[in-house]
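Consider the two complexes below, in which subunit A is the common component and subunit B and subunit C are the respective partners.
For the complex of A and B:
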């Protein structure tokens, strides 16, 4: 059984007359104690998917299972809260600006544990040290911390209640390399000790390579390719995945604008290999063992 | 090359309760006209503090000393009105915290029009729309009709980051301070933004202070790079020589750590 199973989830946002198909039938999973990485272009729907999983947005269609229990329904709210934690992309908006870091962490701690404030202090100090922050950080307010320091406070908070699924939305985007490496090592250690599953959203493909088991590539609200990490990095098949992996900051100058076509393959406007048949959208199928692809290129 | 901004012995101390945090210690450097100057350093080294100081936007509980010379005057000696004239119009700032650039209860379009009106005194509707449309195109935002009618919280991290860039370049400042401007962008979009900065530098002779923790990026975009470590500017040099023969032990460490991940 998978820890998290997302099936054909849809989430549309309606803007006056325009509909944004943020999630357009997404399939994805996380295995217990492992990491699934979700990568894709800015605005393709990664954060929306994370928010749907933690119950912040109800999906319009599709099902989500955690340890086999359906969590889209209301009655499993408590179960969801107990098991899933999320580190949000924007650390500035995830902590209450009026409270000290101590208070925010203590609040999270006291949801499931009865503990006095005084007794919580040493525990929380240790926790902050584990994310490379000095103990004195406890007594600061969010605006008194740097971007990367706040991000680490959020990571620390997400670890407090021993979740079985941790969703990390660009958790190290504000961190320098050496701090990132330390934080990732910490996460991996916790994963191993407590068998936590991670849904790791990132645009840093080096990091993804370092820690993922499965990699899911999303494009405009749909998964276009997924496979175990090695297959994705050694044998990327979707033209979008190739674009992502080939990209270095210097080379890419004028890639075609990304626009979502009315119908057919989402990548049509940018695809160098497009054919007439691509006007009908390809579905995800298993191209080789464990390697799933939504593209006609490799089909017989 | 002419020096467009000079920072002299800048120190910043934050007071938190009884404690003092020395965020910057005697930092001195100059920004040359038409150059992209990188500022790199680990989390908490003082990069954002440096950017905020230049526009005199520090916290009330921050004590700054030293001088920041721009157009022959010290930024710290200017009145609030004089600062308002400089902020945005002459020196633009792209905040690290995307939320700091936006008002959560107004649509993006409203905020954009307001900035253009206030800072450039633009009233003519067609011209305003033209500038907005043009800036969005430059930061590769598609779907601009929808985005203009949207509130900030309904946009993705990378969309907001690009809108913040669009806001600031629309005012064609002389200097742009960009604090981790691409931290939420995937590489395809990021590289297009990098090319945008390079083009603005070529075409408009824009001077940029580019704050980043990403050495790869600094290597591509910057002319010179300054290394901040615990509030001190350890060295500041042409990027080629910095990468080839780092002098400072901390710079060496930084470059080594970066190579390791390769």
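For the complex of A and C:
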């Protein structure tokens, strides 16, 4: 059984009388103790998916299962909170600037365990050590810490109640390269120790290489290709995946269009290989062993 | 602490802070500072002008403590009392004298007063139509007028912040219902609402009841506009990542509102509270001026002014306008203080620390 199973989740927003199809039938999964990476350019619905999974947005359609239990219904809210946690994109914004680190952590701790403030101190100090922060950090305010330190605090906070799934919404995009590497190392260490499943969201396919088992490529509310890591990097099939892998050479010159084609393949307007048949939307099909693709290119 | 440091640098704010502290000291220790009780009238001194304080007598001899003469009057051809100083005897002003009994701060029973004269009466700011000392009455009146400002503002802010934060945080239908209610409150002109509310209660209430009633009425009018602003702040605050993080962690909505939404509105609220206090002082003054507020013989700045309603009275006895000066000065001090607080708390200026 998969740890997280997302099935045909839809989430539409209405913006200026236009319907924005942020998620349009997304399928995704995370295996227990492993990492699935969700990759796509900004604005393609990655963060929306993360927020739907943790229950911040209710989905319009589709089902989400955690360890086989449906978590979209209100009945399983406590189960969801206990098992799914999230690390946000910008560490500077995800801690209340008026609270000390101690208070932010204590608040998270006191939700499921009744513990007095004094008794919580040694536990929290230990927790900070496990994310390689000095104990004195406990009494600092967020503005006294650097971005990397703050992100470590956020990771520590999300792990406080031992979740089985951690959603990492571009945890390194606000950090510089050397800090990014350290955070990734920390995450790998945590996964090894606690066997937490990660859903790692990123716009950077190269970063994902270091920690993902499965890679899901998303384009405007749809998964266009997914496969185990090696297959994606050795043999990318979807033109969009190829484009992402080459993103360093800045081939993504053309700006993504806010108005998507009414029907047909979503990548149609930017695709260099488009054909007439692409006006009918392709579905995800297993092209080769474990390699799924939503494109007519490789089909007979 | 930083706020206080910057306040000290601002001269205008410091001056108004000093004035306000003097006023509030005067209100708290009104019995000590006032030479006479607020309700004792004296037929000898109807409409007596402010007593002149002398240092030299009319032989140009210097006295080492200030003194006054006794005021006597004759009736002129318009049947008016004309007061004059009877210079046959000197009455020195004494400090820390024994006078009427009172309880200091409501606990310590004493009869000590800051100053007083024996043998005659000393009216620093003149006397009113019943021969009561205006200075003492202003001091006693400041208890009502100044406390209504503080209490009224606090109550309406308590309600406004709570309602606004709930409305903004939950949004959607809750927000819609609360905001329509707030708009209904704001649609009615405040002064008419105040009069209508006062009219809906019986006129013959005791002065304590009236006092509480005025506070309730003024807070009832004041909370709506605050709720509206706080709601707007809460609407933007709830989109912050740390609120989402708290939600994901499973922190209850109630705790999120009290820990992460309301504290972030405090710096705005502090400024707005200070700026709104004059409104409450003026509101009380308006009600009392019309005879709907604090009743005689109890004093408040508003009902002291009611004797100055006729232009003739103002012309002949100009000193009865002094409560008005107190209202103006205290309101102005609150405005200046509020404006300087706003400048200090302005987030754009924070960079210069």
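One rule holds in what follows: the second predicted complex is superposed on the first by the 277 of 300 C-alpha atoms of A that agree within 3 Å, B and C clash if a C-alpha of one lies under 4 Å from a C-alpha of the other, contacts with A are read in each partner's own complex, and residues count from 1 in each chain.
By definition in this document, a contact is a pair of C-beta atoms (placed from the backbone, for glycine too) under 8 Å apart; a residue touches a chain by one contact, two chains touch by 3 or more.
The model shown is predicted, which means the values in this text are computed figures rather than measured ones.
**Q** Touch check for A:47: first (subunit B), second (subunit C), both, or neither?
**A** first
**Q** Output check: A:173 vs subunit B and subunit C. Expected answer is one of first, second, both, neither. What do you get?
**A** first
**Q** Quick one: is A:286 in contact with subunit B, with subunit C, with both, or with neither? Answer first, second, both or neither.
**A** neither
**Q** In the superposed arrangement, which partner chain does A:149 touch: subunit B (first), subunit C (second), both, or neither?
**A** In the superposed model, A:149 contacts subunit B only, not subunit C.
**Q** In the superposed model, which partner reaches more residues of subunit A, subunit B or subunit C?
**A** B
**Q** Quick check for you: in the superposed arrangement, does A:140 touch first (subunit B), second (subunit C), both or neither?
**A** first
**Q** For A:70, using the defined touch cut-off, is the partner it touches subunit B, subunit C, both, or neither? Pick first, second, both or neither.
**A** In the superposition, A:70 contacts neither subunit B nor subunit C.
**Q** Going by the contact rule set out at the top, does A:93 touch subunit B (first), subunit C (second), both, or neither?
**A** Touch status of A:93: both partners.
**Q** Identify the partner contact of A:193: answer first if only subunit B is touched, second if only subunit C is, both if each is, neither if none is.
**A** Neither partner.
**Q** Find the residues of subunit A that appear in the contact set with subunit B and again in the contact set with subunit C.
**A** 89-90, 93
**Q** Can you list the subunit B residues touching subunit A in their complex?
**A** 14, 16-17, 19, 40-44, 47-48, 59, 96-100, 140, 142, 145-146, 149-150, 154, 156-159, 162, 180, 183-192, 194-195, 213, 215-217, 220-221, 253-254, 257-258, 261-262
**Q** Across the complex, what residues on subunit A touch subunit C?
**A** Per the touch definition, subunit A meets subunit C at residues 51, 54-56, 78, 81-82, 84-86, 88-90, 93-99, 107-108, 111-112, 154, 157-158, 161.
**Q** State the interface residues of subunit A toward subunit B in the complex, per the touch definition above.
**A** 13, 15-16, 18, 20, 39-43, 47, 89-90, 92-93, 136, 139-140, 143-144, 146-149, 152, 170, 173-179, 181, 203, 205-206, 243-244, 247-253, 255, 257-259
**Q** Touching subunit A in the complex: which residues of subunit C?
**A** 240-242, 244-251, 255, 259-260, 263-264
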